[in-house]
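The two complexes that follow have subunit A in common; it is paired with subunit B in the first and with subunit C in the second.
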Partner chain A sequence: MAADSPSTVRDGFGTVSRTAGVVFRYALLAATLLGILAVGILFVYVANDAIQPFTADPGWHLTFFLTLVVPTLAVGYSLSGRGEGSLRVGLESLGLLAVMPLFAGGVAVLFLSILPALVVFSFAVALAIPLAAIVALQRTRQVGFVAKLVAAAVVTVASLLFVPNFIQNVPVIPVEWLLVALTIGAPTAAIAGAYAAASWNDRRVGRIAALAALGGVLVGGLVGSLTGVGGIAATVLATVAGVPVGLYVATVVDQHPTRREGLLLPLVVLGGMLLGAFLVRTVGFAGPASWLDWAFVTSDNSFSAESAGIYPALAGSIMLMLIVSLASFPIGIGAAVYLEEYAGNSRLTRLIEVNIANLAGVPSVVYGLLGLGLLARMLEDGLPVFPAVVADPLGLEPIRVGGDLFGIGTVFVGGLTLSLLILPIVIISSQEAIRSVPPSQRQASYGMGATRWQTVKNVVLPKAFPGILTGTILALGRAIGETAPLLVIGAPNEFGIPQELSSRVGAMPLQIYAWATTSGTEEFYTKVIPAGVVVLLVAMLAMNSVAIVLRNRYRQRN
Partner chain B sequence: MADNSSKRLSRRKFIAASGTAGALALAGCTSNPNAGGGDDERSDGDSTDGGDGGGSTEGGNSSTGDGNSEYQNLSGEINVAGSSTVYPLAQALQEQFTSEEMHPDVNITLQSTGSGGGFQNYFCVGDTDFNNASRPIKEEEQALCQDNGVNPVELKVATDALTVVVNNENDFVDEITFEQLYQIWSADSDASTWSDVNSEWPDEKLQLFGPTEASGTYDYFLETVIGEEGPGMRTDYQATENDRTIVQGVQGSQYAMGFFGFAYYSNNTDAVKALSVEGGDSDGAVAPKLETAKSGAYPLARPLFTYPARESLAEEHVAAFAKFFVEQSTNEDIVANQVGYVPNSQEEADEMMSTLESAIQEAQG
Partner chain C sequence: MKSEDTTSQAVEEQEDMSDPTDDDMLIQTDVSDSVSAGSSTVTDTVVEAKDINVWYDDDQALHDISLAIPERQVTAMIGPSGCGKSTFLRCINRMNDLIDAARVDGELYLGDKNVYDADVDPVALRRRVGMVFQKPNPFPKSIRENVLYGLKVQGIDADYDKVVEESLRKAALWDEVKDRLDESGLELSGGQQQRLCIARAIAPDPEVILMDEPASALDPIATSQIEDLIADLAEQYTVVIVTHNMQQAARISDKTAVFLTGGELVEFDDTQKIFENPESERVEDYITGKFG
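Then we have the complex of A and B:
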């Protein structure tokens, strides 16, 4: 008792002031708001320059407010009151409707401007044949694994060697949109069928879904080719946007009848937009003099601001994304699976993991220099398949392949450089996804007598797949915005649509940089660049939104 | 079990799908433009690797004739680097050349690297087909090109008036002499304020913006104003290869000065004020204008060039673009009105064309 004299105040229990806590809390709030506000203001500023909403008639705004905003808010409010997740269904379907056409646009650009449909089709067939052969081989039980492997390799090589050439020289071929429908529509229909079969737990439903999807794609293509839309564009739209939306609607209608009302939301939005557009046209209200319009997205760059467009840059970005995903995903996911599932917890693996984590933080310009030094300069004459070091003493000619792919500023080098840049991110995020698969599931698999390979294939990868996809898409989103590495490898300021892998690279951030540095007139700075920035941001947000939605669904399931 | 059923399912589905697809394919067929003619791949325009490439006479581009008229259906890549001064001209011309009416399948890329940067890092090592320059090629660049088997063909494409600009608010100077420019820009001058140059000017710090050493504009200014044997340019100014930055720098500060090609000034006449220049054998101070540059009265008038590599001219589409460049160099509308340089006279263009024709003939054998 005597020890507790008033003079001895124990740490932490002295006079407590609430002020410090309150100040701290509001300081944190201020920091949060400041960050969000700064980004928000920037975005609004840019979007305002690009779209210029205040140049529209007040009547135009009023019309759309009445036909679009008010009904949407009303329906949204009533849905939120209903519960049962119908508002979420509404928002999801609305998001699908908004985002999938963007992806369809991207794929359509690929087929319309970069890859000839026949070439893609021939390679798709050339890959489908060995795939079918492998599936068939797997069912035969009499043959040993090595024999199967050899057979599969022979079929694959032979198919890739002969089939594309054969198909490309067949005298009579289907029309282009039909080729596209077969190339992407058929696999999409198969996936839709598999999804439906799993979702309804009924094979018949799966078959119907697959046939309906394929039929829908073909009808879409036919309608498109007969109307002004264009066969290829309509086919791609039906495949990439139509099939997922259809599948989503079917799932909701059949499996969640209580949430059906949610589908009202996209209908109201679509209806409101159409009605508004109709009214505005009949009454004659002028819309905003938006710089960002269809012509901007679909026309070539130009010397004059009025006719400058972002299409070649868009096409270039899409081509880069294609290369980046083909190059970095298999390597990155492979490395992640190895590190998580096979490599033990040795000092070496820890060293590797620390290094990967550090590589993820290396500034992008350093990767650009790596691309310049290694890919553009050292490999300029091609990959040394039979290097001079070996060939010269033997008195033979050294062999190098792919000389035109490597070199200053080619699309190929650009794509590989960006792949290197995001590879650590892909590896780390895939590792996280794989790690989050509960160990008990692996143990269960082992307990059933499965081998490690079977466990990885049948348990770990399917479970981790959404997480892996989320991380890789976010990494792609980073790659699409990169400028510095491309500038360092010698990307041009003015470019066309890349026709080959050996063309000079072009991309949206490069185009914006070029506009910001080499163009002379003020209009570029106040209108063209904001419009370009909005296109770039929309592309990035579309990709990120898919990643976020995937992550959320994945979390709910676990 | 589940595995088994999915296998059966996929087989049946495969048959069904391929059957449907086959039937539809039969319904909508066209003849294959590729078939028969063998391998009809787009001729790869990237002649740039392998500097000794003279042998790339694939020439499969249908029109092997003499024709000015039948350039149709050319395709391939043309890579251009070099001067930021010539860049807008090249940009305007490439837009015309690759337009729907001319050669939409030709892909021309442009890179603004500065004349010297372009020669050094791109053109003379065989990475580009053309190099734009706002000064003639130097001997050491010529030698570097030779070492790599690249033969530059000099074509004058326009005349520029290098323009010295100051801020709009600057009311104490309208004209400037070579001596004053020397005092402001040379390495051995210790002028740090305007009054150091002329005691009537205010005692304010000079803020200087100019091109980098990679730039032909830098080289020309150095040679003309400071002298080749002179002390060189001072180094404590804001150097940038981006003319826009110079405009913005000068715009932003009342006591700033900068210089660049006339095209950037003609696009920004409201943003900055151009000075009349007196020097060389000029008759008093002369304002930078297309007319004074053309007549030669403006002391900082200079020729602009493009250098195609003779090896690249072996390819039809590169030769066609080079010819187009020379043809259009007399085009008043593009060169003067859109871009802001003095077009070539007809005689100059004819002379350039004959240089080019003989180079093309040599290249194509």
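Then we have the complex of A and C:
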């Protein structure tokens, strides 16, 4: 039929109007950029107040521009031209170098100001003993499950009851940094060894990596204690920052030789910073009169803006994060695993899931009221192990435990309140991670005659773990910025470093709020508060960056 | 299954084994040779279904399925999509229990035991029945750990190295992976992954191996490797395979069950008879491609 009718295509095909589509597209772009723009303005505004870059000599800016910015951009450009992922290696190593020392700082705060090294070490040993016993029990096949469970429980309780006391009373105590090195360095070295063994496919490499990591930590601690850095700080830095960076560099150098050039980027940045600092000092250019400096991060709070520091609040936030992660992680994952793998699709399950979704949206101040009513007031005298309702008719004394932990405005109550606040988020994100494990994997496991528990343990949890961790870290990022619930449970305006679980709660957002309300002078508003906000945001972003990296790696593997 | 069951229908199902249709597959001759050699006496029935009905909520997926699957032979289930052949396969190791909506009624004997008896633990049952799925689904573990998964969850103590080698040899994968047993199973090609899944299924030495369209996600070369492998496996194991590829059923199976839409078993007989001279007109229409 086409042959019969003459073709209408004589002068091309004409055009179709796309005006509406183009307008729509750019409106969407504007909506997208608005969010980024707002965040950008916030950062620039706050950082400008906190760091005051324009108080520096132009020569200072020029020096660093020439030694740091220009070489970095040049190396980055040449790396991106080279391809083969070397730019990615450069950025990743730079990111590691930037973020890991921050975490090292956080862990160092824990050891320096909150937890005595000997106490932590004694509890670490007390936990390591039952762990080793459980591993040994799992290997034996003669004993039944109940016997194993009883044995493990007995060992755990006995170890926790006697070992810490015993170790703390040993007359000869090694130097503190050595204890820290054993407490965190040994497990880190073990993990590094396992990682190396897996990625090189060679157990010998794993053993070498573990030994190298432990050796590095010990050398770091020794050097730190001999120089002015301090043994504990240097040990923590070597463990938390040194080992991962070393492992990353070793992996790149040995397994991706084509991407080796990427490691130039962090070298150039570090070198540029050192060279710039050296030049600036020799020539005598003045740097910016930054409010956010080492003294601000490490000194106590004060009523005068000049000497006000954020250290107690930083330590308080770290303590809170420790409690929140210990409390919300196991409960949240437990609930998620139950809802996804065990609970059927009953009406009750659906009701629970809807409620959890609703709880995730409940305002944080309401959680504060829950914490105040339940944890601070009702449990003020401790958990009723043997409640008065039962004890009084029997003529016995009621027993309550942990009376000092609960009460108005303690760190423990603050941590539990924040845990309740993020628990729904942890549950929902863990559920999503578990749901994303392909059903074919479960089928394969069940088809091999695995029980539900074996399937969850061997197949579901390992595959869902990165996703679960991502969600949990993002939830922690929300908890670190919460102020309202802490205010409601009776957090004080002035607080010191929380030494125990029963100390008064303190946190960075709380400190910022206190500065804004009680010490509201011009100096505080324009300098101290922005500096505090930058510290808070850096802490939050460092945590989130871990979550983002984990998520990206996880996606690549799927 | 060393069943002593002599009262089963195996006797009446038993017929002279001869070479099914295609003879361009080299392995084909091996199978029929071995089968006819092994079946000089009466072949025992391993799996026997009696009036199996399956519902998904209110939809009935299978209607009164009764058939007897002979030992150490390949039994194929063919039929159009949605005819219930996979559902029947999953009845054998009670994988349907994992689907909330599924309800199974009837009797299904593995050896002398009805697997739907109240005292049967489905997990224990699945330890006697290996299963290979449509899409290769190795675990994100090493090749070695994949093969040993069944032994480890079942708590079987054995010489692990020996089991790994034997299973991979039986799955015709040993030569390709013997130097990289610690690498992840996910790094293998699709066909290799499926053979790894077969090695995983046979490692705990099951009595029956169920295969749910094991080659449908693979390219022709990998498919023919899997088909050769199935023929080899039938020397030692009872293999039940679901396929929607009629040529495949004709090439590799000794018995064929034809399911047609609505979940009915229309005909079950020797493969050669089904493909050359079926009793039912509907089966003939299906096989000659008039419908389905």
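The rule is short, and it goes like this: the second predicted complex is superposed on the first by the 534 of 558 C-alpha atoms of A that agree within 3 Å, B and C clash if a C-alpha of one lies under 4 Å from a C-alpha of the other, contacts with A are read in each partner's own complex, and residues count from 1 in each chain.
One rule holds in what follows: a contact is a pair of C-beta atoms (placed from the backbone, for glycine too) under 8 Å apart; a residue touches a chain by one contact, two chains touch by 3 or more.
Quantities reported herein were computed from a predicted structural model and do not represent experimental measurements.
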{"item": "Simultaneous placement of subunit C and subunit B on subunit A, clash or fit", "value": "fit"}
{"item": "First, second, both or neither for A:Tyr248, with subunit B first and subunit C second", "value": "neither"}
{"item": "Touched partner set for A:Val459, first subunit B, second subunit C, both or neither", "value": "second"}
{"item": "Where the C-alpha centre of subunit A sits as vertex, the angle toward subunit B and subunit C in the overlay (nearest 10 degrees)", "value": "150"}
{"item": "Which of subunit B and subunit C A:Ala444 touches, first, second, both or neither", "value": "second"}
{"item": "Touched partner set for A:Gln499, first subunit B, second subunit C, both or neither", "value": "first"}
{"item": "Which superposed partner A:Leu182 touches (first subunit B, second subunit C, both, neither)", "value": "first"}
{"item": "Subunit A residues touched - subunit C or subunit B, whichever exceeds", "value": "B"}
{"item": "First, second, both or neither for A:Asn345, with subunit B first and subunit C second", "value": "second"}
{"item": "Overlay on shared chain A, then closest C-alpha pair between subunit B and subunit C (Å)", "value": "6"}
{"item": "Footprint overlap on subunit A, comparing subunit B with subunit C", "value": "none"}
{"item": "Footprint of subunit A on subunit B - complex, ascending", "value": "5-7, 9-10, 12-14, 16-17, 20-21, 24-25, 28-32, 34-36, 38, 42, 44, 46, 48-50, 75, 77, 79-81, 84, 87-88, 91-92, 94-95, 98, 105-112, 122, 127, 242-245, 263-264, 267-268, 338-339"}
{"item": "For the subunit A and subunit C complex, residues of the former touching the latter", "value": "141, 201, 344-345, 438, 440-441, 443-451, 454, 458-459, 462-463, 557"}
{"item": "Parts of subunit C lying in touch with subunit A, wherever the complex brings them together", "value": "93, 95, 98, 100, 123-128, 130-131, 133, 135, 137-140, 149-150, 153-155, 157, 182-183, 197, 200-201, 204"}
{"item": "Interface residues, subunit A side, partner subunit B - complex", "value": "118, 132, 135, 139, 168-175, 178, 182, 186, 189-190, 193-194, 197, 203, 206-207, 210-211, 214, 218, 300-304, 380-381, 403-404, 407-409, 490-500, 502-504, 506, 516-522"}
